[in-house]
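Have a look at these structures, which come just after this line.
In the two assemblies presented below, chain A is common to both, partnered first by chain B and then by chain C.
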Partner chain A sequence: MTTALFVVLAVTAVVAGALVFRVDSMARATFLLLLSFLAVAGLVLMTGLQYLGVVIVLMMVIEMVVMAVFMIMYMMNPAGLMPMSMFHNTRGAAVIAATTFVALAGGALLVDWPVRGGAPAPDLTMALGQSLMSGQMLTMMTLGVTLFATIVGTVVLAAGRGRYDRLGDELDAPESDDRDRGGVGR
Partner chain B sequence: MNLQAFLVVAAALVSVGLFGALTQQSIVMLMMGLELLLNGVILGAAAFWYFLAPAGTGGQVLIVIVVTAMAIEMAAGFAVTTAIYRAKRIDMTDDAAELRG
Partner chain C sequence: MSVALPLGWSVLLPVLLLAVAWAAVAADAVVAGRAAGRPVPWTVAAALPGREALRLLVGQRRRAVAGDELLRGVGGAVLPIAALLAAVVVPLGLRPVADLGAGIVWFNAMEVFAWAAVWLVGWGANSTLSLIGGYRFVAQGLAWELPHMFALITAAVGAQSLRVTDVVAAQQDLWFVVIMPVAFVAFLLSVAAMAFWGPFGAPLDRDIAGGAAAELGGVDRLVFMTGRWLLLVAAAAMAVPLFLGGGHGPWLPAWAWVLVKTLAVLAALVALRHRIPTIRMERWTEFSLVVLTPATIAQALVVTLVGLGEGGLS
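So, the complex of A and B:
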C-alpha cells in the first residue's frame, strides 16, 4: 500500500513536472506545476512531516495562483489555442539535464548510506519550532531579513515611477512632475 | 519506499527543472523550471531527514529555507520581469542579451 502510494505520487510529480514544458498553454503549465508540487507535498507527508507538508500545499496553491495572474500579463499564448514552442538550445540542455540526472541518481544508488540514526521526536512540529527559536535562531533571523530585503527590492524594481522621478534627485522640486494632474502632487 | 527511491525521484525533478530553466525562452517559464528544481531539493531534504537523521531537525529547517527561497525567487523574478518589460517590452530571455560576454 505504502509502496503503491509512493509510486503513484513519484510518477505524478515527475510526469507533471515534465509536461510543464510540453503543453501548449502557459495556464495549463502552471497547474501542471502545481500538481507536481502537490505530489511532492504528498511524499513529504509520507515521511511524517505533517506540518511542512501542509505548508507546502498551502504555499504552492497560492504561489501558482499568483503565477497564473502574471502568466496572463506576460504570456504569449494564453488559452493554448495554437501550438506553443519556445525552446532554445534544446539539445545542449537535454545533454546537461541527462548528465545531471545520471550523476545524481548514480550517486544516490551507489553511495553506501549510513544506517538510520535515532528516532523522530514525538511532536515534529514542536521540535521544529523549538529548533528555530533556539539553535537555528540565526537561520530564522537571516530568513526574516532576506524576506524584508526582498519586499524592498521588489517594490523598487516593480514601481514604474517613484518619488525621485516626481520630485527630483534631492526631492526639492517646487512642483512634482506627474503625468496626470490631480493626484497628490496636484 | 527507501532512501534511494526518494533520491532518484528528487534527481529526476532536479533534472527536469534544470532542462526547463535552460531551454525556456519565456522568463516566466524559466522561473517555473527553477521552481521545479527546488521542488526536487525539498524532496531530497525530506528523504535525508527521514532515512538518515530523524532525531535532529536539520532536514526540517532546510525545507523551511528552500520554501522561503522559492517565495523569494518568485517575487524577485516577477519584479525583474515587470521592470524589464516596462523598460523594453521584453518578455523573452533571448531579447535581454545586454550582458552577453
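So, the complex of A and C:
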C-alpha cells in the first residue's frame, strides 16, 4: 500500500513535471507544475512531516496561481493562440539534466546509507518549531530579513507612484492626489 | 492522542454540509426578497435550492469556442472538493472527521484551492468577462489571505497548538472571540471573501455579466455554485472551533452547539450581505493591507505576549 502510494506520487511528480514542457498553453504548464508540486507534498507527508507537507500545498497553490498571472502576462503565447515551445538551449539543457540525474541516482544507489540512530520526536511539528526558533534562529532571521528587504526593494523599484507624487515634494499637500479616490485616509 | 470520528462520518460530512448550505441559500433568498420589497414566502424559499439544482441539472451545458474545457472542468470540480476537505478538520461536536496535528494549516491549504479553482474556471471559458472575474478573485485573494492567515495563527497561538481539537479544548472557560476580537472580525471577513460572496462578490458581479461563472451553464454551474456555498459553510463552521468555543456550552449536547453557532455565523453573514454593497478590489486591497493586516499582526502580538506572561510554552 505504502509502496503503491509512493510509486503513484513519484510518477505523478515526474510525469507532470515533464509535461510542463510539452503543453502549448501557459495555464496548463503552470497547473501541471502545481500538480507536480502537490505530488511532492504528498511524498513529504508520507515521511510523516505533516506540517511541512501541508505548508508545501498551501504555498504552492498560492504561488502557482500568482505565477500563472505573471507567466501569461510576460511570456510568449499568452492564450494558446500561437505555436509555442518551452525549449531553449536544448543541447546544454540535455547535458545538464543527464549529468544531474546520473549524479543523484548514482549517489542514491552507491552511497552506504547509515542506519538510523535514535527515534523521531513524538511531535515533529513541535520539534521543527523548536529547531527553527532556537538552533536555526540565526538562519531564519537572516532569511527573513533578506526576503523582506527584497520585497521592499522590489516594491520601491516597481511602484509607479510614491508618497511624493501623492502629497507633493514637501509632503504637505492638503489632499493627496490619487488615481483611485476613496481609500483609507481620504 | 486522536479523537477523530469513525470513518463513516466522512460520508455523512458532505450531506451535513449540503444541508446547512441548503438552509443558508433559503435564508439568503428570504432576506434578499425582503430587501427588494418582494417578500419570498418561507415555503418557496425552502424549496428554492432544490428547484434551482433540478433546473441546472436538466439545463444545457455551455461550451465556448476554443475554450480549455479540461482546465475549466478541473477548476469547477476542485471548488466543492476543497470545501469538503477543508471541513474534515472541523469538530462536529468535540470530534472532527480527521483530527490532524496541523489541522489549522490543513484548513488553510485546502481553502486556498479556491484561488486556483476560480481562476481556472475564469480562464477555461475563453471569454474576456470570465477571465476578468478570475483575475478579480486573485487580486482580492492577495488582499484577504494575509489577515486571514494572521487570524488563524492568532487562534493557534492562543491554544499553543495547530490541532483544532486543542483549540476547542483551550476555550472551555473563555471563548477566543473575547480575547482576540480583531482576529475574529478578520476571519469573518475572509469567510465571505474566500467564497467570493456578498460584498466580495466582484469576481461574479453583474458588471462583468457574471464574471468567472458567466459561461457556466447546466451541471457545470450547479457544481461551481454548490462548491461556492459549501466553501462558505465550511469556513463559517471553522469560525466555531477557532473563536466561538466549538462544542462547549450549557444544556445542549456538543453537536447541537456546533450547529447552532455555525447557523448563527451564517445568519450574521447573510444579514450583512444585504446591508453592504460590493467592495471594489482596489479599495478592499488598500483597506486590507493598510488597516487589517497591521491590526491582525498586533492582535497576534498581544495574544502571544499574554500567553508568555501566563507561563509561556507548556
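Just so it is clear, the second predicted complex is superposed on the first by the 155 of 186 C-alpha atoms of A that agree within 3 Å, B and C clash if a C-alpha of one lies under 4 Å from a C-alpha of the other, contacts with A are read in each partner's own complex, and residues count from 1 in each chain.
In the analysis below, contacts are C-beta pairs under 8 Å (C-beta built on N, C-alpha and C of every residue); 3 or more make two chains touch, one makes a residue touch a chain.
Since we're looking at a predicted model, the values are computed, not measured.
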Inset, instruction - Check whether chain B or chain C contacts more residues of chain A in the superposed model. - result: B
Inset, instruction - Tell me which partner A:L109 touches in the superposition: chain B (first), chain C (second), both or neither. - result: first
Inset, instruction - Check the residue A:V55 against both partner chains and state whether it touches chain B (first), chain C (second), both, or neither. - result: both
Inset, instruction - Could you look at A:R28 and tell me whether it touches chain B, chain C, both or neither (first, second, both, neither)? - result: second
Legend entry - Partner chain in contact with A:V66 - chain B first, chain C second, else both or neither: both
Inset, instruction - Applying the touch criterion given at the start, work out whether A:D123 contacts chain B, chain C, both or neither, answering first, second, both or neither. - result: second
Inset, instruction - Could you tell me which stretches of chain A are touched by chain B in one complex and by chain C in the other? - result: 55, 66
Inset, instruction - Please name which positions on chain A make contact with chain C in the complex. - result: 25, 27-28, 31, 34, 50-51, 54-55, 57-58, 61-62, 64-66, 68-69, 79-80, 123, 125, 180, 182-185
Inset, instruction - Show which residues of chain B lie in contact with chain A when the two form their complex. - result: 1, 3-20, 22-29, 32-33, 35-36, 39, 42-43, 46-47, 49-57, 60-61, 63-65, 67-68, 70-72, 74-76, 78-83, 85-86, 91-94
Inset, instruction - State the interface residues of chain C toward chain A in the complex, per the touch definition above. - result: 66, 68, 70-71, 74, 100-102, 105-106, 108-109, 112-113, 115-116, 119-120, 123-124, 126, 135, 138, 141-142, 145, 162, 282-283, 286-287, 290-291
Legend entry - chain A - residues contacting chain B, complex: 2-3, 6, 10, 13-14, 17-18, 20-21, 26, 29-30, 33, 36-37, 40, 43-44, 46-49, 52, 55-56, 59, 63, 66-67, 70-71, 74-76, 86-90, 92-94, 96-98, 100-101, 104-105, 108-109, 113-114, 116-121, 124, 127-128, 131-132, 136, 139, 143, 146-147, 150-151, 153-155, 157-158, 160
